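Please find the structures below.
Each of the two complexes below includes chain A, the first together with chain B, the second together with chain C.
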Partner chain A sequence: MKKLTYFPGCSAHGTSEEFEKTVRMVMQRLGVQLEDIPDWNCCGATSAHTMSESLAYALPLRNLVLAEKLDNTTMAIPCASCYQRMKVTKIHMDENPELAKEINSTIIEEGTYQGKVAIKSMLQYCYEDVGLEAIKAQVTKSLAGMKLACYYGCLLTRPKAVTQFDSPEYPMSMDHIVEALGAKATDFDYKTECCGASFSISNSEVVLTLTSKILEMAKESGAHAIVVACPLCQSNLDMRQPGAEKHSGKKFDLPIFYFTQLMALAFGMPEKDLMFNKNIIPVEKALANIGKIEPEPEKSKKTKKAVEAESEVA
Partner chain B sequence: MARVGVFVCFCGANIADFVDVNQVVEEVKRIKEVKFATNYKYMCSDPGQQQIRDAIIQYRLTSVVVAACSPRMHEKTFRKALFDAGMNPYLLEIANIREHSSWVHQKDKKAATEKAIDLVRMAVAKSIANEQLHEISVPVTKRALVIGGGIAGIQAALDIADARIPVVLVEKSPSIGGKMAQLDETFPTLDCSQCILTPKMVDVASHPYIELIPYAEVLELEGFVGNYKAKIKKKASYVNFKTCTGCGACWQKCPVKVPNEYNMGIDKRKAIYTPFPQAVPNKPVIDAEHCNMLTKGKCGICAKVCEKGSIDYKMQDEIIEREIGAVVVATGYSLWDPKPYEEYGVGRFKDIITSLEFERMVSANGPTGGVPIRPSDGQVPKNVVFIKCIGSRDEAKGIEYCSKICCMYTTKHTILLHHKVPGSHSYVFYMDIRAAGKGYEEFVKKAQVDTAATYLRGRVSKIYKKGDKLIVRGEDAQIGQVVEVVADLVVLATAVIPNKDNPDLARLLGVSYDKYGYMSEAHPKLRPVETAKAGIFLAGCTQAPKDIPDTVAQASACAAKVCGLFSGDTMKKDPMISSVNNEFCSGCQNCVKVCPYGAIVTEEIPMSRGSKEMRTVAKINEGVCQGCGSCVAVCRSMAISLAGFSDPQIINEIVSI
Partner chain C sequence: MITLGLQEKNTLLAEVNKRSGANVLECYQCGKCVSTCPVSQYMDFPPREIMQLIKLGQKETVYMANSTWFCLTCSACSGRCPRQIEIPAVMEAIRHIAIEENYVNNTKKVKSIRKFHNIFLDMIKLYGRSYELRLMAEHNIRTRDLFKDMNLAPVALLKGKIPLLVKPVKSIKAIRRMFKLADKLEKKHQ
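Then we have the complex of A and B:
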């Protein structure tokens, strides 16, 4: 069994319990043994990184130092914010050894940072290290019939210099994963738009405007549901959805799944273990589309032919 | 006894602000051979030169040292001043105290002054050993090579040929015409591009002094100004141009369809094709990459239908040579690929096109008959959004510079849209409107009124699809708000970039190029069409982005330069070349091996006077030698000497500091 260092993050113990649980289920099925970083701490995403630069580095750095005590070369993180804080810290520490030494001195009792563990988001790990073929091989209950809008949010692929993964503006890795599960990924132009999560408490009006637009575009793309890989995206789009419907006067009715929930479902794992009961927007209607395959509409080539004919005359 | 005069230049403030020019004069006056020393604000000006001329006569100087800028700038100027005062011009030495001292030591005036004094002292010592030298005359081949057959190459070739100087015009594609042949109308007058260009193309083909070599590339250039030899590869066209009448039977019957480069791939051409109906020469070539006969050995239809039997599938590339005296490089430009603009959905949305694609559509001879259409569904668009500076002025994704022509052609495009699609509306997102040029600002202002186009100052951050429309979201910085425009079609004004092979061509020609790949002119203001290599000139976008008027002006300037170069039967050449002292030459021929110009040959001379036994010695070809000094360095028996850089001169310099 392959081993992988794992940083669950705080959300995993609260709002994104279903993400956490399905990540562990899916990874076990894919033959990856997760090894939690012993005695891990908060990454500092919520407030530390806006208050104090040294604290913003010190909190993730302690996790990085602890992670090096495990014998793995890669660490995966389910939460996009944790991933971002840890990766930013790693890059700044690796580029600036002086700074690394200074920050390291504040947590020196935990050990000396060496920079030997690669950091990936759980999405990136599934896409790059597990691979689409291995995922496809585990599918026993295809999701064919389901149309899904994959929403990446701000932090999974941006800034490119930090994430070094997929396209920063129009990523496709999650789309490829859900297609490996048999579902259809819709053309969703708002897949990297900001949902306003950081204003969730301080200015919810902004959040409602932004999430309404995302939900509206997902609906228009023909999706039955939205798929995410980030606890903040999930809670914002799911919990704020009734508010967004009221705000925009439109009915969305789009459940928000973690991609690992859908992987587990397609792997034939029992539905009761996937914690769909934690979803605020009910999932039943969306899931009912599984197996209902519409015939592909025939594409009209008339206009294109007309153009060609015209040009030949010219 | 040597009598040296020293003239120190302030170069305005360029030197005087960082070097104590009075101290320099005082110091060099102590050298016993220096009989006169002075300084002046602008030594290169007429009063400055007059001081030199007067001093030469008054103090009976035997050599002159000018401490000023680089000899590349003004050596010729000061040599002429010496000549006018009756002195051999090669008794001049330049001490470069600007580039070598004041400009590079601006933070330390004391050190800069000391260094300047040392440089002058060296030049004085060297000049004492200077000898009188005389210019060499070399024959000139009065034939010019023009590389590239766009408007720049066409104009240069015609102007040179009209002066009855033979021109070889080499064009890499099957027809001349270049980018201008793809344009519909031209700013700021809306002249029809075809109407002003195609007659010139015909003139090129019929001109008795122009040899047009289409579908060809320059492979090698050797020699020196006035005496170059160019190796040219004529690519196999598989069509005998001598017998072909251009009737068109072959391309009508050819079964292979290939995206048409002339129409930016909007429609298809055949595998045997002429690029466009007005092509010059109007003879087809076979695209070997796509021809069934040449790739699979099956087909042969074009050969069957050709009544003249002009098709020759066995034709090979041919290498030809031409002797020429000067080169005009006019290879044009390319356009930046907007793929990095992922947030616009470039590549995903068919209805985002580039400006040149739009230009082809609105062209009277274009693939859609002069009407723009949406590539997605063939419908005529009503609302068109034009976005400028795609890749230009964009350090993150593209290049830093302004492409110069986009503001103007986008304005033209709003007019063309207004004319061709009734009820249409243009939206233009811009950073600045750069309309410097004769009649340009007026053109933009009039277009804004006539078309009622909406100009939005700001960048576009995102384009997304809603139904069959594109929603363009950008900033309107003048009202400080984010705006969204519903568009049927989006047109990107992509940056002008140098051709990918520009650096390779520059190296082949021995011309320098800048960090982007544009070829470098000898001086940005005073020698804008010359390169640092004598006899090679630049016209058009091979040097930097520019519009048609500037390109034509530059091409004519190149022609004037070529005509000037060819105005005599021989050409004067600096006498700073190597010579061999046969007494010392052992005939080892190391010099022959290191000479980068192939200027050294060997000859047999008698062992001694009257002797019948012969020995081998090196011989310098005066016309070819460029005075680089490599041979001097490798000569073991010190038999070779370089005029102007003789051993006594160099040793004097070294001993003086």
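Then we have the complex of A and C:
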């Protein structure tokens, strides 16, 4: 079994428990053994880098140092925000040894940072390291009939210099994964628009405005549901969807799945383990489309943008 | 040359460039950042105007603007900037200087955002991890908006979306020491 260092992040114990659980289930099925960073701490999320530069580096650096105690070359992170903070810290520490030394002095009892572990988002790991063929090979219950809008949000693919993954404008990695599961990915223009992230609590009006647009465009793309790879995107689109409907005066009725929930479903894992009961917007209607296959239109109509983005990824 | 004269005296420009690693002078005011930014409509000055105000050395206006507090660091602007200016880094630099030099924007929205971040950091100092329930409750108390999101509470709690308890980091002492030392580093750089 392949080993992989794993940083669950705070939301794994809270709002994104279903992401956490299905990540573990799916990884085990794919032959990847997750090793948690011992006694990991919060990455500081938006708040640390908003208020203090030193803290914004120190919090992730402790995790990076602890991660080096495990004997793996790569770590994967399910949360897009944790992923971004950890990767930004790694890049700055690697580029600037003096800064690294200074920040390291705040956590010196944990060890000295060496910079030997590569950081990937869980989506990136699934796409690049596991690969579409290995995912396809595990599918026992195709999701054919389902149309899905894949939503990446901002931090998984931007800034390009940090993430070095997929297209910042029109990414396709998640689209390819859900298609490997048998579903159809819709042409969704708002896939990298920001959901309002941490304003969920402090400025929810902004979140309602932004998510309304995202939900509207997903609905327009013909999707039965939205697929995400970030806990904050999920809770803003799902928990705040009734609010967004009220705000915009439109009905969306779009359940929000984590891509790993759908992987586990397509791998034939028992539905009761996938925690669909945690979804605020009920999932049943969307899942009922599985198996209902429409006749293919004569020619697949992909927009110029999608074709361009695909060739860029390739 | 006038611009050179301006640059020599423009300590704002120098400080922002130094901290952000960006070169604000590169900005040619095309406005692509504004049309891309998901929150520019909430800002006193959208990113393009902030760039120009920095070039003009308008310290007070720049530091007091709500713009940097509204920036979500989504990096949509910098991805499309034809001059490849790291605008979110510029916004962050402004915010950090404003905090250090006590420029306080006390409008309701900015206060709410600032309080959220302060409570979040207090949580991490206490537990080493975020504690969503307490974060939401405390934000409501500190912004004196007790019933905000109360409609979400029953469904979130019933569905177990928001757990009642937090699992703290074991070596919480290390975390508190980190906070103390990071604070010292921050002061050293000012």
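Definition applied: the second predicted complex is superposed on the first by the 297 of 314 C-alpha atoms of A that agree within 3 Å, B and C clash if a C-alpha of one lies under 4 Å from a C-alpha of the other, contacts with A are read in each partner's own complex, and residues count from 1 in each chain.
In this text, a contact is a pair of C-beta atoms (placed from the backbone, for glycine too) under 8 Å apart; a residue touches a chain by one contact, two chains touch by 3 or more.
In this text the structure is predicted, and so the values were computed from the model without any measurement.
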| item | value |
| --- | --- |
| Residue contacts with chain A in the superposition, chain B compared against chain C | C |
| Touched partner set for A:228, first chain B, second chain C, both or neither | neither |
| Which of chain B and chain C A:206 touches, first, second, both or neither | second |
| Partner chain in contact with A:32 - chain B first, chain C second, else both or neither | neither |
| First (chain B), second (chain C), both or neither touched by A:169 | both |
| Which superposed partner A:189 touches (first chain B, second chain C, both, neither) | first |
| Touching partner for A:220 - first (chain B), second (chain C), both, neither | first |
| Intersection of the chain A residues that touch chain B with those that touch chain C | 168-169, 193 |
| Residue ranges of chain C in contact with chain A within the complex | 38-39, 42, 70, 72-76, 78-79, 86, 88, 92, 95-96, 99, 109, 112-113, 115-118, 120-121, 124, 128-130, 132, 135-136, 139, 148-149, 152, 155-156, 159-163, 166-167, 169-171, 174-175, 177-179, 181-183, 185-186, 189 |
| Footprint of chain A on chain B - complex, ascending | 263, 266-268, 342-343, 345, 348, 365-369, 373, 377-379, 462, 464-466 |
| Residues of chain A touching chain C in the complex | 10-11, 13-15, 17, 39-42, 44-55, 58-59, 62, 102-103, 105-107, 109-110, 154-155, 158-160, 168-169, 192-194, 196-199, 201-204, 206, 210, 235, 239-240, 277-278, 280 |
| Parts of chain A lying in touch with chain B, wherever the complex brings them together | 167-170, 187, 189-190, 193, 217, 220, 303-304, 306-308, 310-312, 314 |
